[in-house]
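Some structures are shown below for you to check.
Both of the next two complexes hold subunit A, though its partner changes from subunit B to subunit C.
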Partner chain A sequence: MRPILLSGHERSLNQIRYNKDGDLLFSVSKDKNVCAWWTANGERLGTYAGHQGAIWTVDVSPNTVILATGSADNTVRLWNIKTGDCIKVWEFPTAVKRVAFSPDGSKLLAVTEKRMGFLGSIAVLDIAYGDGEGNNLDVQAEEPSLRITCAESKATVAGWSYMAKYIIAAHEDGSVSQYDPKTGDQLENIQAHEFDHQINDIQFSADRTHFITASKDKTAKLISARNLAILKTYPADTPLNSASITNKKDYVILGGGQAAMDVTTTSARQGKFEARFYHKVFEDEIGRVRGHFGPLNTIDVHPAGTSYASGGEDGYVRIHHFDKPYFDFMYEVEREQLRK
Partner chain B sequence: MAPSFDTLSEQDLHEEEEEEIDFSDLKEQFDVKLDEGLDTFVVIDGLPVVPEDSRQKLIKFLLRKLNSVGQASEDAVFMPVTDKGMTEGFAFVEYETPEQAVAAVKQLHGVPLDKKHTLSVNKLMDIERYGREGRIEDEYVEPQVEAFKEKEHLRSWMGDSQARDQFALYRNDKVGVFWNNKSNPPENVVDRAHWTQLFVQWSPKGTFLASVHPQGVQLWGGASFSKQKQFPHPFVQLVEFSPLEGYLTTWSSRPIQVEEGQPILTYEEDGKNIIVWDIETGKPLRSFVSHDLAAGPADEGEVAPKKKVQWPAFKWSADEKYVARMLQGQSISIYELPNMNLLNKTSVKIEGVNDFEWSPATVTRDGVKQYEQLLCFWTPEIGSNPARVAMMSVPSKEIVRTRNLFNVSDVKLHWQSQGAYVCVKVDRHSKSKKSMATNLEIFRVKEKGVPVEVVDNLRDTVINFAWEPNGSRFVAITTGENPAGPAAPPRTGVQFFATEKKGSTAGNFKLVRTVEKKTSNGIYWSPKGRFVIVATVHSQSSFDLDFWDMDFEGEKVEAEKDLAANLQLMKTVEHYGVTDVEWDPTGRYVVTSASVWTHSMENGWNLHTFSGTTLSENPTEKFKQFLWRPRPPTLLSKEEQKQVRKNLREYSKEFDEEDRFAVDIANTAVVETRKRVLNEWLAWMRQEKELQAEEKEALGLPEDVDSPQAAKDAPVGGQEQGDTVVEEIVEEIIEETEEVIG
Partner chain C sequence: MSRLGNRADWADDEEFDDPSALPAQEVITNKDGTKTVISYRFNDDNKKVKVTRRIKTTTVREHVNPQVAERRSWPKFGTPPGPTFDTTSVGENMVFRPSINWKAQAKEAEKDGGEKGSMKDQLKDKKVKCRICSGEHFTARCPFKDTMAPVEEASGGAGVDADDKEAGGLGAGKSSYVPPHMRNGGAAGGEKMGGRFEKDDLATLRVTNVSELAEEQELRDLFERFGRVTRVFLARDRETQRAKGFAFISYADRGDAAGACEKLDGFGYRHLILHVEFAKRST
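Coming up: the complex of A and B.
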C-alpha cells in the first residue's frame, strides 16, 4: 500500500509511538507539540500543547488513558489522551530524554540528561489512574519513588523488561545495563556496542524477553533481557538512530542515516535514509524502504505487526501498511518448520 | 657520528674520575673522520713482484687498466721497492677525484691482470680503518654458515586448483591479500594492520608485494607473505620495478644522508635521491641525483609552477639489459646492466629531447639480424629546425628512423605492447596558435624501412589514446571546444580504429566508429585484448563505464565489412565516483573502485565480469587501493595454447560441473546453518517462557501481570475483541428516467 505521509510537524521528529491497540499514533518533535493520529487513514486526531521546549520522548499507557512526554524544558507531563488536558507536570533539573511505561502501566521511568553539573539519572514515577472512569487522573505522586544515578556514563534510553522485573538502560558509552527497579541497584553491565558509540534507541519485543538496541557504531543488537546476552547482531553501513522488532513476522526494522549535521555536505544518495528490514533470526538484510529525505530518527511497529511508522529529520512521519507479500515471505526452513 | 653524551657508557663516566684519562678507545670509537685528502688514494695488491728495472714497465701496463675508470698519471702511482731491489707486489695510486677512486674499487677489484695475477683494489682509507692493529683477529675464526632454511615458493599462488587470481586491498590502515571468489565474498590470505605507510605495489610478474615505509621498501612474498628483501632507502616515496623483476628503482625527494653504521648504504649514496637496487642481492647498484623536469612556462603574474618529478626516472628496455634516463633538453644516458655502467661511457647528446620510450618488447625489424633494443624519442621545434621524432637502436645508438613535424605543441609516444607499432600522438596548433588538432603518426616498426602512416581525420584534440594489448587496434578519445563553466565535464568523442583486412599483413588504420556526446576520459583494455572499457573517471557528475567488444560474434555492419573489427557495446554500468579501473591479469574480471585518495564519497570497489555483469559491490570505508596480482607470462608454447583453445568446450564442461557442485555445497551449508539457527532461536524462546512462568509462580503473580491496569474508559484488551461493527453503505440505482423538457 502507498505510505501515508503525516505532515503535521514543523521540525524534525524525535519519537513516535503506537498505542497498544494500534489505532492511534503519537508523535513528538522539536516543535513543542505532540500530535495524535489515526493510523488507519492518517487523519490528525489532535495535538497536546503545553511544553516549552523540544519534546524528546513520548509513551502511551498500556490502556491508552494517559500519555507521557519528556521535554527539553526539563519537565515530564502527563496528558489525558481523551480530552487533551495536561494532568500532571513534574519538574526535573535537566532535560528528559526518554519516558517509558512499565508493562502494566503502573510505573513510568524518565531518563534525565547529564548537564550543568547534574549527573544523568533514571527516575521512576508511580502512576495512578483515578477512579477508573477517567476522573481524578490528576491525582499523582509528587516525588519519584526511585532515583537511579548514572555516575559512569549517562543513560540515553531505557525501558522495562517482562513483569517490570528489570529496568534496562543503554548508555552514551555503548554499554547496556540492567537495574533492579525496586532497589535501584545495577545488576549487570555489558559493553554491547563499540566503546564511545552512543546507543540511540532501545525497544522491546512483545513478550519483553528480549530487546533491540540501535547504536552510532552502525549496528543493532538483539539482547536478552534476563542476562544481557547478545543474541543477534545486525550490521548496517550507517549510524543507526532507531530499531524496532516486528510482531507476527520475525523481522527487525532499523533506521538511521548519516548524522544530521553532515547531510547537507554530501550528496543525497550517500545519506542512506532508508528503513532497513532484517530477518530477526537469520540476521540477513531482506529489504529497504526509501522515502525520507533526512535521517530516520524513530521507528515504531504496530503492536499487531500490520504496519510500521517512521519519523525523520525531514519532519515527516510515514505510516506503511504491510502488503500481502510481506506476510507471505518466508525462508524455506521456516516453511518447513511450520509444516511440522 | 659525532660523540655525544648519550652514547657514552656507564664505564666511560667512571673513567673520567681518574687522573690520567685514557681516551684512546673512545677516540677510536668516535673518531671524527676528517677529510684527510686520502679519499683519492687506492691500494692495489696482487701485482707481480718484479725487479726495480722493470718497475716502470709494470706501472705503464697497470695504468692502462687504471685509466679505464678515471685519471691517474704515472707520477700518481707509487710502487715501493724493498732493499733487495724488488717491488713488493702492491702499489699506491692517486686518482684525480674521490669518485674515480671509488669507481676503481668497484670495477677493478677482482679483475685479472694476467693469467697469474688478480688485482685487489681497496681504498687507502679502508685499509687504514680496517687494517689497523687489533681490528682483525689474529686467529682465524671460521665463519658460521647458517643452516639451510627452505624458502617459501614465490609463485605458489599460481598453483591454485581453480586458477583464481589474488588481489591486494588497502583500506583504512590495513592491507590484505585475498582470493577472488567471483560473486562470493573474497577469501582472505593475509590481513595486516599498518602493513605499509604510503601504498603497496606488486612486482610486474606478481612475485613480490612491495610495502613502503619511511625506513625503505620491504618486499613480501611466498604463500604466507613473509619478508623477502629490504631496501633501506630512507623516506622513499616512489618505487619502480624493472620489467623482469631483476631491479628496483626507489626515489625520495630528500637527499639521502648516510650515517655510519648503516650496513647497506655507503658514502656513495650520500646526497642522492634515486637508488637502483639489485633485487637478488638487495644491494644498491648505483645511485643518482634526480633531474627535475623543467616546469611548464610560468604565466605572467603567476608564481612559477612547481618542478615536476620525472617518474619513472629510469626506463627499462624490455629485456632489462639497458636502462635509460633523460636529462630534459640535453641528453639520454643509457646504462648497461648488470654493472650499471654508461653505455660506451657517454650519454647520447640530443638537443632539446623532451621524452623517450623504450619498446615494451624486443622487436626484430625486417632485415635486421643483430640484437637490438629500440627506443623512441622526440624533440620540439628549436629555432627554424622542425620538431623531430626518432627511433634509436641500442646498443649501436644508431638512429634508424626519423620524422620531422611542424607546428607541434606536444607529442606523446605510445608503443604497442609487442613493439609492432609506435603511435606518435602529435598535438599541433594552427599558425595563429588559436586552435588545436591532433595527428596520429603510426610507425610500423616490423615492416621494411619502418613506414609511417598518418591518421589525420581527427577534427579535435586527442586527450587519451590506448593500443589494444597484442593487437593492432586502438581507441582514442577526442574533445572539441569545452563548454564554459567548471561544473559540466568536457564533452568527448570516443573513436575506435582498426586495420583493414588485407591478407596476412595488417592494412591501413581506419576509423571504425565514433561515439559522440560522451564524457569519457579513460580507456581500459582487457590485458588479453578484444574487450575495452571506456569510462568517465575522476568526475563529479558522471561515472559511466561502457563495456565494448571489438570482435562481436554477430552480424557486422555493412560499412565496416572490410575492417578487422566488429564493434558492439555490451553494457553500460554506473559506479558512483569511480576513480580506478583494474582488469585482472586474465581479462576475466574487472574491478572499478573509488579511492579515498581522490574523494571521500562512497569509497569502495565493485567487481564485474569482462562483459559488464556486476558480481559484487563492496562499499568499504577509507578504501585506498585495489591491485590485482599480476601473473608471469604463460609457460605454454604457442601450439599448446592453440590446443587448449581448441578443446575449450571439453574443459569448460569440467569446470562448469565443479562450479555447480560448489554452489550445491554452499547452498546446503547455508540451509543447514539456517536450520540450526532457527532451532536455537525457538529453543531459546521456549526456555524463556518456561523461566518466566516459573518466576511468576514463585512470586505468586497472576498470569496476566503485564496486562494494563483496569480503566473503565479503555477496555482491557480481549473483552470486546471480535465484536466489531462493520458499517457498510451500499448505493443502488433503482430507476433512471430521462425527461425532455420543452
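Coming up: the complex of A and C.
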C-alpha cells in the first residue's frame, strides 16, 4: 500500500469528503482554500477560492454538481464543482462547523457555532440544481427553511439518517439527539459518550441506518439512527477526532491523537497519530496505519470501500488504496459462514 | 531552406562517417506481440551506447460510470491549474495486514528488529585480541609469544599465590570462598566504595611529559607490552580535549608495572621523553 500524499494545504486539515462515485476527493483546511483531487492518481482538479476564514467543513451533493462549505467567516457557500465558481453565499451570525447534504441532495443542513450571544443552531437550506445541465445553479432560496436551536448544549456535528427521516446531531456535552427535519422537534436525546466530552465527528453507514461517533472521551460508538441505541463501542487510547465506517469490509477506521496543543511535548511515536482499524462487529482492533506526524483530524472512506483518505493536523492528506491483505482478512467464523 | 543552404560545402557529406552522429532508432515488431526498440545514445563518458528495450503493450480496460468518465475530461482550474509535483507525491510503501492479534505481532516484529540491531552492534566491536599482549592479532602471531606467557595465566597464578597466603592466614584454606577484595589476585579489586575511580594504586604508574596529541589507545598499546593494563587514564583539558601532559596506567600485576616503569622511563614518545614513576596515593 503506497499512500498518495496531497500537500495542497498550508494549514491543518479540517474535513475531507469523497464524492458518491469515489473519483473525487474534496479537502478543506484552516487556510482559505478548498481543494478537489482525483483519487485515482492524486492530481488536483482545482481549488475553490473565496472564503475569508478557516473552512471547517465540506460536503458534496450526491450528483457531484454542487459543493457546500462552511467556514469561520460565518458563511455557507455553494460551489459549482466543475468550474470552481461560487454560486451562493449564505450569511450566518456565527461560524459554521458542519454542513451535510441530505441523501437525495435536496436539502443541506448547516450547524452553527454558539458564540457572541447566539445559541448554537442547525439550519436547513433547500438546494436547487437549476435545469439539470449545470445552468442556473445560482438560483437558490435566500432563507433557511428550518432552524433548530440547541438550547442545552450546542451541536458540534450533524447528519441525515436514512431517507432524511431524522436529523442526527451530536453535542458538545457528549450527547446525541434526533430531530424531526420537518418540524424541528427533538425526538430523542441520549448521553452516548461521557458527559462533557465533545463529539468531534459523526459519519453514517452507506444505507444511513446507523452511524459512528468519535469523541474526546477516547471512544467511538456505533449507534442506530432509528432509536439511538448504542450498538458497538470501540475503545481507543487517545482522544478521537474522526471515525468512519468502511464498505465492502465490515471495519471502522478511527483517527485521533492528543490535542494539537500538546503535540510538541511528545514524540511522534507516543503521539498515537495512527489510523486505527477495528472490526465493526467484533470490536477488535485489527491494525494501524501510521504516516501522519500530527493528529488525524478527518477520515473518509471511498464509497466502494477500496480506499480511504486521512487528513491531519500536519497539513497532509494521505490517500490509501487498500491492497489484497486488507480484503482477504476474515475471522474464522466469517470463513466458516462463507463455506456454507 | 534548401539543402544547399544548410550545407556550406559538399565536403560536409562526410558527416555520415562522423563519429558523433547516432544511428536512427529501430523498431522491430516481434511475433509474440512485443516490440523491440533499439536506440543509441551517448553515456556520461561520451561513449556510444546501444539501448535495446523490449516493450509489451497491454490495454487495461476499465468500466466506469459515464459520469465519472465525463468528469475525467474536466479541465483543471484554480491556482495553480494543471499537474504539479509539489502538491502530489507518493509516500513510502507500507504493509497493512489486518489481524486479530496485531498488537502481539507488532511487538514481536519490533523485538526481532531490536535483536538484529543488538547482534549487529555486538559483532561490530568484535576484534581479534591477543591473549599475551591484548593486541589486535591472534595469539599465535604475537611478537611476544616466545618471551611472555599469556596475561590471564600469569595474573591468575599471582592470584592463587595471594590466596594461599592470605586466605590461609584467615584459617579458611579449604573454603572456596574468596573475599571480593582478594579476587583476581587482589589487583582487579572487588566492589569498593568510590567505584571505578578509586583504584588500587599499587600497580599504577604515573606518566608525565606526555605529548599533547597523545591518545589513550596509543598509551594502552605502548604499555600493554609489559602486562595486562586494567585502566588508562589520560588527563585532558576540559575545553580543548587535548591531553594535559600526564596519564595514569594501572596494571593488573605490580610486577608488570615495575617492568614497564623501568623500561619506559626515559622512552622517547612523540618527540618527548616520558617520565614514568609509581603513582603516589593521594590523600
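Going forward, the second predicted complex is superposed on the first by the 340 of 340 C-alpha atoms of A that agree within 3 Å, B and C clash if a C-alpha of one lies under 4 Å from a C-alpha of the other, contacts with A are read in each partner's own complex, and residues count from 1 in each chain.
What we mean here is this: contacts are C-beta pairs under 8 Å (C-beta built on N, C-alpha and C of every residue); 3 or more make two chains touch, one makes a residue touch a chain.
All values derive from a computational prediction rather than experimental measurement.
Placing subunit B and subunit C on a common subunit A by superposition gives a clash between them. Contacts of A:8 after superposition: subunit C is touched, whereas subunit B is not reached. When the shared chain is aligned, subunit B comes close enough to touch A:209, but subunit C does not.
In the superposition on chain A, A:82 makes contact with both subunit B and subunit C.
Of the two partner chains placed by superposition, subunit B and subunit C are both touched by A:64.
In the superposition on chain A, contact of A:334 is made with subunit B only, not with subunit C.
Once the two complexes are overlaid on the shared chain, A:21 sits against subunit B and subunit C alike.
Of the two partner chains placed by the overlay, only subunit C lies in contact with A:277; subunit B stays clear of it. Shared-chain residue A:322: touches subunit C; no touch with subunit B.
In the superposition on chain A, A:49 makes contact with subunit C only, not with subunit B. Only one of the subunit C stretches 44-52, 134-142, 188-196 or 242-250 carries C-alpha atoms that clash with subunit B in the superposed arrangement, namely 188-196.
In the superposition on the C-alpha atoms of chain A, the part of subunit A touched by subunit B in one complex and by subunit C in the other spans residues 21, 63-64, 82, 331.
Subunit A meets subunit B in the complex at residues 20-21, 61-65, 82, 103-106, 129-130, 132-134, 162-165, 207-210, 224, 226, 231, 237, 266-267, 269-270, 281-282, 331-334, 336-337.
Contact residues of subunit C toward subunit A in the complex are 64-65, 67-68, 71-72, 74, 76-79, 81, 83-84, 86-100, 102-103, 106. Those residues of subunit A that touch subunit C in the shared complex are 1-8, 21, 23-24, 33, 35, 37-38, 41-49, 63-64, 82-84, 251, 277, 284-291, 318, 320, 322-323, 325-326, 329, 331. For subunit B in complex with subunit A, the residues that touch the partner chain are 576, 601-602, 619, 671, 674-675, 677-678, 681-682, 684-685, 688-689, 691-692, 695-696, 699, 701, 705-714, 716-717.
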